[in-house]
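By written order: A, B and C. Residues from 1 in each chain.
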Amino acid sequence: MRQLKSLFVFFTLAVLPAMALAETTVPVETQFVFNTLLLLIGGFLVMFMAAGFCMLEAGLVRSSSVSTICIKNIALYAIAGIMFYLCGYHLMYTGVDGGYFGSFGLFEVDDSKLLSIEGTYIGEAAKYSTGADWFFQMVFVGTAASIVSGAVAERVKMWSFLLFVVIMTAFIYPVVGAWHWGGGWLKAMGFFDFAGSSIVHSVGGWAALAGLLMIGPRMGRYNKQGKPMPMPGSSLPLAALGTFILWFGWFGFNGASQLALGTAADAASVAIIFINTNISASAGLVAAMIMTQLIYRKIDPTITLNGALAGLVSITAEPLTPTLGEAAMIGAVGSVLMTLTIPLLDRLKIDDVVGAIPVHLVAGIWGTLAVPITNPEAVFSTQIIGIISIAAFVLVASTLAWTLIHFILGLRISEDMERAGIDIAEVGLDAYPEFVRTTQR
Amino acid sequence: MRQLKSLFVFFTLAVLPAMALAETTVPVETQFVFNTLLLLIGGFLVMFMAAGFCMLEAGLVRSSSVSTICIKNIALYAIAGIMFYLCGYHLMYTGVDGGYFGSFGLFEVDDSKLLSIEGTYIGEAAKYSTGADWFFQMVFVGTAASIVSGAVAERVKMWSFLLFVVIMTAFIYPVVGAWHWGGGWLKAMGFFDFAGSSIVHSVGGWAALAGLLMIGPRMGRYNKQGKPMPMPGSSLPLAALGTFILWFGWFGFNGASQLALGTAADAASVAIIFINTNISASAGLVAAMIMTQLIYRKIDPTITLNGALAGLVSITAEPLTPTLGEAAMIGAVGSVLMTLTIPLLDRLKIDDVVGAIPVHLVAGIWGTLAVPITNPEAVFSTQIIGIISIAAFVLVASTLAWTLIHFILGLRISEDMERAGIDIAEVGLDAYPEFVRTTQR
Amino acid sequence: MRQLKSLFVFFTLAVLPAMALAETTVPVETQFVFNTLLLLIGGFLVMFMAAGFCMLEAGLVRSSSVSTICIKNIALYAIAGIMFYLCGYHLMYTGVDGGYFGSFGLFEVDDSKLLSIEGTYIGEAAKYSTGADWFFQMVFVGTAASIVSGAVAERVKMWSFLLFVVIMTAFIYPVVGAWHWGGGWLKAMGFFDFAGSSIVHSVGGWAALAGLLMIGPRMGRYNKQGKPMPMPGSSLPLAALGTFILWFGWFGFNGASQLALGTAADAASVAIIFINTNISASAGLVAAMIMTQLIYRKIDPTITLNGALAGLVSITAEPLTPTLGEAAMIGAVGSVLMTLTIPLLDRLKIDDVVGAIPVHLVAGIWGTLAVPITNPEAVFSTQIIGIISIAAFVLVASTLAWTLIHFILGLRISEDMERAGIDIAEVGLDAYPEFVRTTQR
């Protein structure tokens, strides 16, 4: 009888709580491990996207700017991590409660609500470790900052750019993040953005646009008649590699944004997100090939690569509810909008070196608008409110930041420096010192 | 007493079915999550192999063909995903029943046999989500198509090549896949090919060979005496990077082909597959170094890289049953056969730019033949029947496809275009526009 | 009543053992799968670090040495795997028992203590498969050897270097590994080195230093007055890519060194290791930027990249116990020490092409010394004993090895060869044959 009793004790303490959670037979602690693992895998994949942006941008700038863009890209990832530790995380997540931003303070791991002192799992529902949560959110900050670096390449001072990154990753991005993912007012309104078509990609795009408007085009980019002069990138294979790395990392970006892998239903959802993300990129790439063949009579390699990225950005706001066919359409439309934006920017003399505005801003807006097409819970008008609010806040905040930096450090290298190539000016090292170039400056 | 009763109910509904599955104590739903996770991880690793092929081929073609090969490689991956959605998957997997191919129709995710409407797991045995299954199978299609692109590089029209990819990924590959992995006639006969030495690599190799025979060598590749003229690749570091990425991705290719990770036995099997795959590549690389040192008096860097790939292809048909020593031997033999095939192709004036035939076709055949050495269930004669059938079907189907394309679009760029470099002809963008080259054409 | 009995039988056989393990509710077999999966994921990430070293070194050597360094780097990974199979594993792990090294013999997978003949899990405690264990340990050997290749680049004969790799991966590294991770005398003393600041990175650094002292600097590296002449690397983007890949792979290097993922506590620990590793790299990179800005008045791109690596090496000895702030400080100090070591080496005319000594040796020592700051179980004096013992053994053993090789094959290519560039001498293939270079030799 005593053994029976201990059986009951075991059930009451260990099995029944698990069943209460249920509609799943996976033990809660196992779920905790799965969820944490998902965030860690997703996190390292998104971290590697920083390498993807670096290669993409190193391939698309001219050879005299490659050293600078490489250092900018790795430095911004480093800075994003430090600022998200120093203040970004709590500003985005702690105590937002339907409002506009959270609290200030250093992030430190605290698993005490999840684990006993001996390390036993005591969380009431399946979650993930606080360290894994921070990791996964931190790598997203890096992505938003990466988007800016390519747009303003070849002419912005290194330290000025990095100071902008400090402001963006410590304040601008976390505040927008707080509105939605931190449980702020946009969340309360019913705004939908699964993995960040707006929260990450449009934020990066608006910040880049604010910078471009202040900094102006590269010298010689538009001739006296205002016609754009081609400035082809230095290495197409590096640009292609960067695109592949971004595509690869995007499985983590969207897939792990499910934030849970502990049940069959969650695992199946992650899988759907993977394949929708993939086919949206595929359709975006094919659409860009066809568009450039029709418009320019030849496939444009750079726009083709950007087509895949536009597809990825487009599906990011809602990668779970579309069917494969719908996901392909969403990516293709995003890519077509991207190809149409490129000549428009040239007409406005906005010199976006890598195409960050068409890819991240335009396709990001499209992706956010497209959510209600497949997700019945989303409302078109709320999506528009979100898009406009984010645009207003990021444009204003970024313009303030760029202006502040303009007065402290200056934004742009001197004309002489720009003529000589930014690498010599800013880091004193040519990226390819032994190779003879036609454009040696 | 009532509580006891509810205990019984719990056991009968939840624990006993799990035990029935058993010989494992992992709950079935946990197994479902593990299996799905394996396919997702394996899938993103294999997806990244497309980047590996892109870098390998970008490094091994001449600089005037790099833009085109990069766009070809990313476009073929995109197209493979779309075609496998439009018709490849069902052609390969649905209703093959010992026959030659499945049914036609779009693939859409359907987890209704695995999950209840509320998302609870109801599958009777541990499986994986249908989305994860599609993802993992889809990335394999991309691999098969990647093999072709390098072989026929520098002279085939972009759109002609992509049309071949459409046919190959929609029909040719799925039909062969149906014969074995789809449960068709080869499976019924007892053919063994664990992860695709034949089904993927030889299929790619035969399709490439059919193309090479129709298209002919690059201009100037063989002089008037028929002697091969060296046309070294444009960037060895990109070729090395590509090889590393392929090696990295192959852990997913072979490891996740176990299709299950949910029990200790499956996890241990995946680990064995990892280390056999790795040591086969290592032995292949070392064998190629030694072979080229002996034959050419110097290590040949390109052949050395291909040695690792030949090792990887060789072990792919059976990475589980060999010991580490046997796996090393299988890889070394595959690599030696690869090195011996290269001069043979030159004697036949078959101009395989990246070595796709020696690596994927020859080592693929060897790997398929080697299965019975370590796997007692495999029969040598059945393996040969499989190899010959695949050869016949793919050669005929590919030749028909290349011929069809020849009449619709033409296969080869004009001599003038080829002299100028395919990049200018096909995409209008030099891959390295600023770098002065000795071979400027 | 009979059913009740079978319930008891089930509990006694299946549930109670699991609970005995406990303080966790994850079934033991599930833990086995998680732990094995952690080693497999960690293993493929660390394997990819070989590609990172290859790109880093290909970017930092001059263009006439790129083919050779690429082949060296992929070949050393291949050889490391073969030697660890032939004798390294058992020398490091089997029967060390507080002593100096283990036994000799081939490694073969043996899961018979973990799995029954039918594949059921029968291990008494949660562990991982022997194959996964071998895989994860093997990739570490490759890392240690990679460190040497960059330091001695551009002048060491290919086969001589590879023979050193054979000796290092078969004997030198496994013996040091046996002292600590194999359960040898350093472990018994209470030495702490979580993932190998000393066991891997310093070992690589000492072996490189022994080689550098014997081989001497590159021709022309120091002028007649002993002043160092700059020899900038051939491709900064490849160096940046390599750094990113190493950073990416380091999540596996440190994270999977937890060796367990099966409980909530382990998963939370792996997450902490991830974020400490990341912020240490970030702080190292930022510290190097600031240091070079202060010292040289410009950001030095190469040293900046090495700053991230110094941060990674520094945190490797103890990535679990520091807070995020402490981890950042540890990385920053390691990076500062690295920047200060570079001019010191030049004063000593030690020509370390890629900075392996400052990054792996100096930061490795610092990381080992820093363990007691955050881990109360570690003792400063024991850490010093470990550092000195490893220094003495590796310096002596490596010098013997280099000397032996000097007499068998010679160490250095001829002056004529070096003037012509090592690629032509050793592999007969220029890495960039079509690109015109200012330094054409």
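The rule we apply is simple: contacts are C-beta pairs under 8 Å (C-beta built on N, C-alpha and C of every residue); 3 or more make two chains touch, one makes a residue touch a chain.
Source: prediction; values computed, not measured.
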Residue-number overlap at the chain B/chain C interface, same or different (half cut): different
Cα superposition angle of chain A on its copy chain B, in degrees to the nearest 5: 120
Whole-Å gap between the CA centroids of chain B and chain C: 31
Two or more partner chains touched - positions in chain B: 7, 27, 30, 37, 41, 235, 241, 432, 435-436
Chain B-facing residues of chain A, complex: 7-8, 11, 15, 19, 23-27, 30, 34, 37, 41, 45, 62-63, 232-237, 239-241, 243-245, 247-248, 251, 255, 261-268, 270-272, 274-275, 278-279, 281-283, 285-286, 289, 296, 298-302, 304-305, 308, 323-325, 328, 432, 435-439
Interfacial residue positions of chain A with respect to chain C in the complex: 3-4, 7, 10, 14, 18, 27-30, 32-33, 36-37, 39-41, 43-44, 47-48, 50-51, 54-55, 58-59, 66-67, 70-71, 73-75, 77-79, 81-82, 85, 106-109, 111, 114-115, 118-121, 123, 128-132, 134-135, 138, 158, 235, 238, 241, 426-436
